[in-house]
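Quick notes on the structure that follows.
Each chain gets a letter, A, B, C and D, in the order it is written, and its residues are counted from 1.
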Amino acid sequence: MGGYGAFIWPSYLIAAAVLIGLLAQTLVTLWRRERTLAALRATIADSDAEKDAS
Amino acid sequence: MTAALRQLVLRDLRLALRQGADAVMVVMFFVITVSLFPLGIGPELNVLARISAGVIWVTALLATMLSLDRIFQHDYEDGSLELMILAPVPLEAVVLAKVAAHWLVTGLPLIVAAPLLAVLMNMPAEGFATLLVAMLLGTPTSSLIGAVGAALTLGARRGGVLVSLLVLPLYVPLLIFGVAAVDGAITGLGVRPHLLILGAMLAAALPLATWAAAAALRQSQT
Amino acid sequence: MQRFANPTRFMRMANAVLPWCAALTVVLIAAGLYLGLVRSPADYQQGETVRIMYVHVPSAWMALFIYASIAMASATALIWKHPLADLIARASAPVGAGFTLICLITGSLWGKPMWGTWWVWDARLTSVLILFFLYLGYIALNNAFDDPTRGARAAAVLALVGAVNLPIIKFSVDWWNTLHQPASLTRLDAPAIHSSMLWPLLAMAVGFTLFYVTVLIFRLRSEIVAAKIRNLRLVQIGG
Amino acid sequence: MRALCYIGGRFQGEPGIMSQSFSGHDLTCIRGERVVFAGLGFEVAAGGALILTGPNGSGKSSLLRLMAGLLQPEAGEMRRDGADVADDPAVHRSSLHYVGHKDAVKPVLSAAENLAFWAAMRGAAGAIETSLDALGLERLADVPARFLSAGETRRLSLARLVASPAPLWLLDEPTVVLDARAVRLLAGLIARHRAEGGMVVAATHTELGLGDETRLELADFARPHQPALGAAAL
């Protein structure tokens, strides 16, 4: 790499870090929200069931 | 309609003057901040002369920006803004009147204080006249662009800090050509193109910024 | 009314495209890296450091391209009040900011060997820096309101104001650069593009674009789920 | 002539164009991703009064702000004398008064200055003294508004109705801070306004003694389970 590796590799690594970090943050948020949605729907379904039962 | 707008400007001026030293505080910020630079950078006159235009312009833009929330915030909070939106006068004209009032209370005092600070910063004499003309063209534009930022952050959490984040990047062209005009005068390289561009920015900001601020005010109603 | 154009059809279509998009992204970026790092020759003048260009230049294009798409989505949202346009603009901003950050960092890494300083006030780097501030302003304004629709509308106006100001900022920064052009500063120009250098550049550019589309689809799904959660909470209170 | 002039009444030739009816059809309002009401219709004729009732959060204020033109409906339309309001909002805006929860009174200015400003904004010279008299504020004309009590500030805000005439009055809980005497004053003003062919829409819980007013129950149009037509519907 002609001795400039000290600048080429970090730039690619940083680029990769930012992109992968972005993707990871997106996916984590998506999964967390989907879990919350499922939980919320479950609680509403239960409360509806109680209402119908009572 | 013009009677209504004149009344609006007069009311805003009366509010600013009666509500105490808004205008004075803005000028005080301007003077104190510029005086900090020699303390920070050192008293060498040639260094100060070199950076005088830049320091004065940056501080003037910051001073304008600090007083931006006064344009709409109080009226938004006490319900006056709703009535202004409902007034038969077009909202764009109301925005223009409010920006004019804001400029008279902040822009004009800055221009009056600028020569004093130019002396403080040891700016060469050739630059004084151009500095005033450039600020005369630049500060209204900064009030106009600032009005858009102020309208956008109505009702936002931490609106004050947010306005600076939105508005300062948009002040970059103003800063560049404002300082270039003064440097042009000092170095004798010619002032005309920079002042013309400052004038063009003002001409563009008058309709566009007013329209954008009015649109922002309308969408601020929930 | 256009307003009721069935957005769920869009999401079904997007989910269908997603795997292809992701796969193609990986392939293209891998090809770009291979061509850029291994096959293409070093530049006669800048030597090996020119390889940073294969990341720096595409990310600069992406930063501008994404800001333009945010401005278009914002215009659509303001004019036709389509909820999806708001979401696309809101979901794109962090990706655009990410690419702008990459562009700035790789730009300074590229400048370091040549001028010995980490940051050079080159005209284009400065414009990208200001674009980065516009992105931060957009994201901050979008999240500054309790009511997401309020934030979306305010940010949409800001995106349009920013889009109008970008060329003016670019023009004034270039003018400013020529005013203060010290003789020694060589412009951070991409060298004459030899075809062997063109392919990795294009591969990376298209790869980044597809990456943006992939992440956008994931973020759109995430925003829609968040909206459903907010709605269910309202129904819970209202119910 | 598109705008009918009310012959012989106080509004003849007034800046606000006199109109015979104000109606809304199939209105849907969304606030903060929540459907506040949907499919709502109303009708007010000259001399008529419409009282909005309903529990808190049922959208009374939203409907009044929507009628004033501060909010845009998600769906549906409003008609003024048969003409769609959206075609020419300026005409609609210039012929209505909106009195919301906030009083738009500047503490630094005196009562008379506040009123004179709002009259000037609506292009009416407006007799300031008679307007203040109508609300019993004549003694407080030159007192800076910061010394006024909440009730007096609200009466100053209501004085705008008298200072510059407009056929349509939109009142959002006007009597909340008023004492009994002030409520009677307001009821008198409303009665006189209706007698001269004006229209009043008010959201209120207290009895304004209007007698023949029509009522609109907002709860009938609530849609608690319908997702807002925004993102959640995706």
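Rule of thumb we're sticking to: a residue touches a chain if its C-beta (ideal position, glycine included) is under 8 Å from a C-beta of that chain, and two chains touch if they have at least 3 such contacts.
It should be emphasised that the depicted structure is a prediction, and the values quoted were computed from it without experimental measurement.
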Innermost chain, taking as reference the mean of every protein Cα atom displayed: B
Of B-D and C-D, pair with higher C-beta contact tally: B-D
Approximate Å spacing (C-alpha centroids) for the pair chain A, chain B: 43
Centre-to-centre distance between chain D and chain C (centres being mean Cα positions), rounded to whole Å: 47
Centroid spacing, where centroids are CA-atom means, of chain B and chain D in whole angstrom: 37
Computed distance of Cα centres, chain C from chain B, in Å: 31
Interface hub residues of chain C, defined as touching at least two other chains: 146-147, 150, 228, 235, 239
Sequence positions of chain D contacting 2 or more other chains: 31-32
Sites on chain A at which at least two other chains make contact: none
Complex contacts: residues of chain B adjacent to chain D: 1, 3-4, 7-8, 11, 14-15, 18-19, 77-80, 82-90, 221-222
Residue numbers on chain C that touch chain D, as the complex places them: 3-4, 7-8, 11, 83-84, 86-87, 146-150, 223-224, 227-228, 230-231, 234-235, 238-239
List of chain C residues in touch with chain A within their complex: 33, 37, 42, 47-49, 51-52, 55-56, 59, 94-95, 98, 101-102, 105-106, 109-110, 112-113, 211, 214-215, 218-219, 221-222, 225-226, 228-229, 232-233, 235-236, 239
Residue ranges of chain D in contact with chain C within the complex: 30-34, 224-225, 227-234
Chain D - residues contacting chain B, complex: 15, 31-32, 65, 68-71, 90, 93-94, 96, 98, 100-106, 108-109, 113, 116-118, 120-123
